[in-house]
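Labels for the chains are A, B and C, by order of writing; each one numbers its residues from 1.
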């Protein structure tokens, strides 16, 4: 029982106590749930995540099982053994598609993790410090916006691949894929930095931040405890969009033959089977469809999140 | 008696930049040479129209905004000379209650975390903090069980109670209240004002109470300072200000605020025109373009702050006339 | 007068951007490793003499800063050096291949613009109708389809199954279609342009529709309708012009995306453009070609942004002060 000292508060409190009004996240979820596209996106993303986690259990073959080649069953059309057929290297297409999901997610999440850290740090400093620092950092971000990212990544991946030969770096597993992830992250941060800057700029004059300064809160706590959590909703939308974009970029790098030969990725599948498009289209169409579903999922999810967190922005 | 807070000639100027090269185009003198004192246990109300600089002054007092010039003494210490450590210690003793209870509470923190933050910062143990939070929440009329809730689960009035509890953590001596009730429903305003007055009595607090509502001020304040365009134009004990306002601006403010007192009702002296831009304030007395009693001298020279009665200071060339004939002070009817 | 100064400012800023990018690029490429070592890593069995003469020939001796300024000075004169694999001046190759790339990209963006305007007008004037939802859903799907996957589907359907359009190259090597170079060229352009149109239309329609819906709700549109203007004049004369402004920024970005992913497009269709040339260059480690291509693509990107900025002023006079 609450026994307030000031009697007026009783009436006030008794109204609010029984029904707990929804919080920011919960309100967002209510709005999100009503967005059919967003829910579809969430479903697709959940499907991809599930496949990535469960692929060792549900995949019919081992990912590097080329035995079909020996049986002369490469490039075989879909049948009951190979539900999506086999490709020109004798791999089971379905197995490779399922395993590709984890690579795709690793790329998307990894790249956006790197991009978010860089973006939030740069954008946060720019927005909070303001003045000349802000100006310089934002000009710096602008340089990164006009660099033809994809083209540069191709070159760097290729050149880096030569330089590491014979060094300790070579022992890192999936080095090539790591390089792609880090590079994508290093180039995709400017949009996040811009958003982070705008949010930090808006929030640094918020009354609750001034209240925190008033009681003597340290600058680090102001930034991490008061400003950053309130900037997250806007940033999450960009991250969701970016994951789809990063996955697509990795696919394209691999499709052009600069991917990680050791990784099982959809882009690699496309790369190895594109020449056999005419005879074995299923080996190209299946990974292509997988990319489509994943990117669509993240795009729809981002769309739904925009609606949920910034309801005024749309329609 | 030395004042708890002694503000002397405080100025806050904002440079205004224009154009692509960010050339300095002028200066907004938001606060321009303000002196005031808050004594222990009293409430000084700072009154003025929006944009007169009263909120900037409040923020400068708490060093949320660095003053451009002037002196700021709090509990005998020169606030503007303190290093970070001493400033942090001083922040234990002075606090602020903000205007908008929806914006002043971090939506991501629970009420207990908001109120308890000061305890964490100033090195209290977890147990001390939890006990302190419970005590403070009870003190402001909520209960310890509210500590686990988020701001959105409270009504506006309850949120302002949390804001007050936060301000009272670790026993401050001065609380700056920046229009603490103007964002609340009228029915809740009285509750919060009562709470503030009750707390003052119980804890021996001093308030610098900022408001535009003269009726509220009459209810809560011991002394009033009226501000116009960055300057104090009149300071007076509450009775003498309401009985015999000496500055035409104060008179106009009193006349403009709706009153149920039939004797006051006809005397509408709504100042003509807009508040001038603080970027280019009028020459002389800043109020002269809107003042019905302006004389030539008002345009030429800024009047000094004259003490016409004990504790009653006015910045007006003709204040002597009003003081001599208090009856005709507020009769600009029909002008 | 304001316009001229605005354009001059944008020009100067664009020049700074290109300069900055050139520094970042050069620094990055050199940070990866010594160019001459990388160059020779996959060409074993060279004597030291050869290595030395090669590095002198390509100006790869000397300090990094020296090389940067030599390179920058050469670029300013539109001299990108000599391609290692083709042994031709890079600048000439950039022009030849660049024209092939623009040949499919510029028509694609123009067609996409017209198509998306028509579709979004149909959708936005019937907001919340079945057609509108169909357009939104279709555009969202198309927007998420990877461009190269569209290309693959087009080839599969029109070249392999129906057999009516060529799947690779810009010209027939032997029998020209109807013995005309022009018709043959156009015939080869259909699929690549079709793929780019599909890709751009989806994105532009999404943007244009929401922008148009926003504008159509504003008071000046109601006023125009109330004054008795025919609906077509209201939409095409008043609304579209205003709805176009946010789309314009995106046009520059879209062109950048198309240019940046040209390697993929041109690999799918074996199109002899900048992208295919670039793949060749990095496979063979042709330094002058890699640097030249990257710079020219950056240059085109910045140019496209500049053009949209200027077009902004032309469409919306309020922007001028920005």
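Just so we're on the same page, a contact is a pair of C-beta atoms (placed from the backbone, for glycine too) under 8 Å apart; a residue touches a chain by one contact, two chains touch by 3 or more.
What you see is a predicted model; the values in this text were computed from it and never measured.
Asker: Identify the chains adjacent to both subunit A and subunit C in the sense defined at the top.
Answerer: Joint contacts: the list comes back empty.
Asker: Measuring from the mean of all protein Cα atoms shown, which chain centre lies nearest?
Answerer: Answer by centroid distance: A.
Asker: Could you please state the distance in Å, as a whole number, between where the Cα atoms of subunit A are centred and where those of subunit C are centred?
Answerer: Taking the mean C-alpha position of each chain, the two centres sit 25 Å apart.
Asker: Just how far, in Å, is the C-alpha centre of subunit B from the one of subunit A?
Answerer: The mean C-alpha positions of subunit A and subunit B differ by 49 Å.
Asker: Could you put a whole-Å number on the gap between the CA centroids of subunit B and subunit C?
Answerer: Here subunit B and subunit C have centroids separated by 59 Å.
Asker: Please give the residue numbers of subunit B that touch subunit A in the complex, ascending.
Answerer: Subunit B reaches subunit A through residues 59, 62, 64, 87-88, 91-92, 94-96, 98-100, 103-109, 117-118, 121-122, 138-143, 145-146, 149-150, 152-155, 157-158, 161, 163, 166-167, 169, 188, 191, 194-195, 198.
Asker: Provide the residue numbers of subunit C that touch subunit A in the complex, in ascending order.
Answerer: Residue positions touching the partner: 17, 20-21, 24-25, 28-29, 32-33, 38, 41-42, 140-141, 143-146, 148-149, 152-153, 155-156, 160, 210, 213, 256, 259-261, 263-264, 267-268, 278-279, 282-283, 285, 290, 293-294, 297-298, 301-302, 305.
Asker: Residues of subunit A touching subunit B in their complex?
Answerer: Per the stated touch rule, the residues are 2-6, 8-9, 12-13, 15-16, 20-24, 206-208, 210-218, 221, 225-226, 229-230.
Asker: Quick check on the complex: what are the subunit A residues that touch subunit C?
Answerer: Contacts found on subunit A: 37, 142-143, 146-152, 154-156, 158-160, 162-163, 165, 244, 248, 251-252, 255-258, 270, 274, 277-278, 281, 284-285, 288, 291-292, 295-296, 299-300, 303, 314-315.
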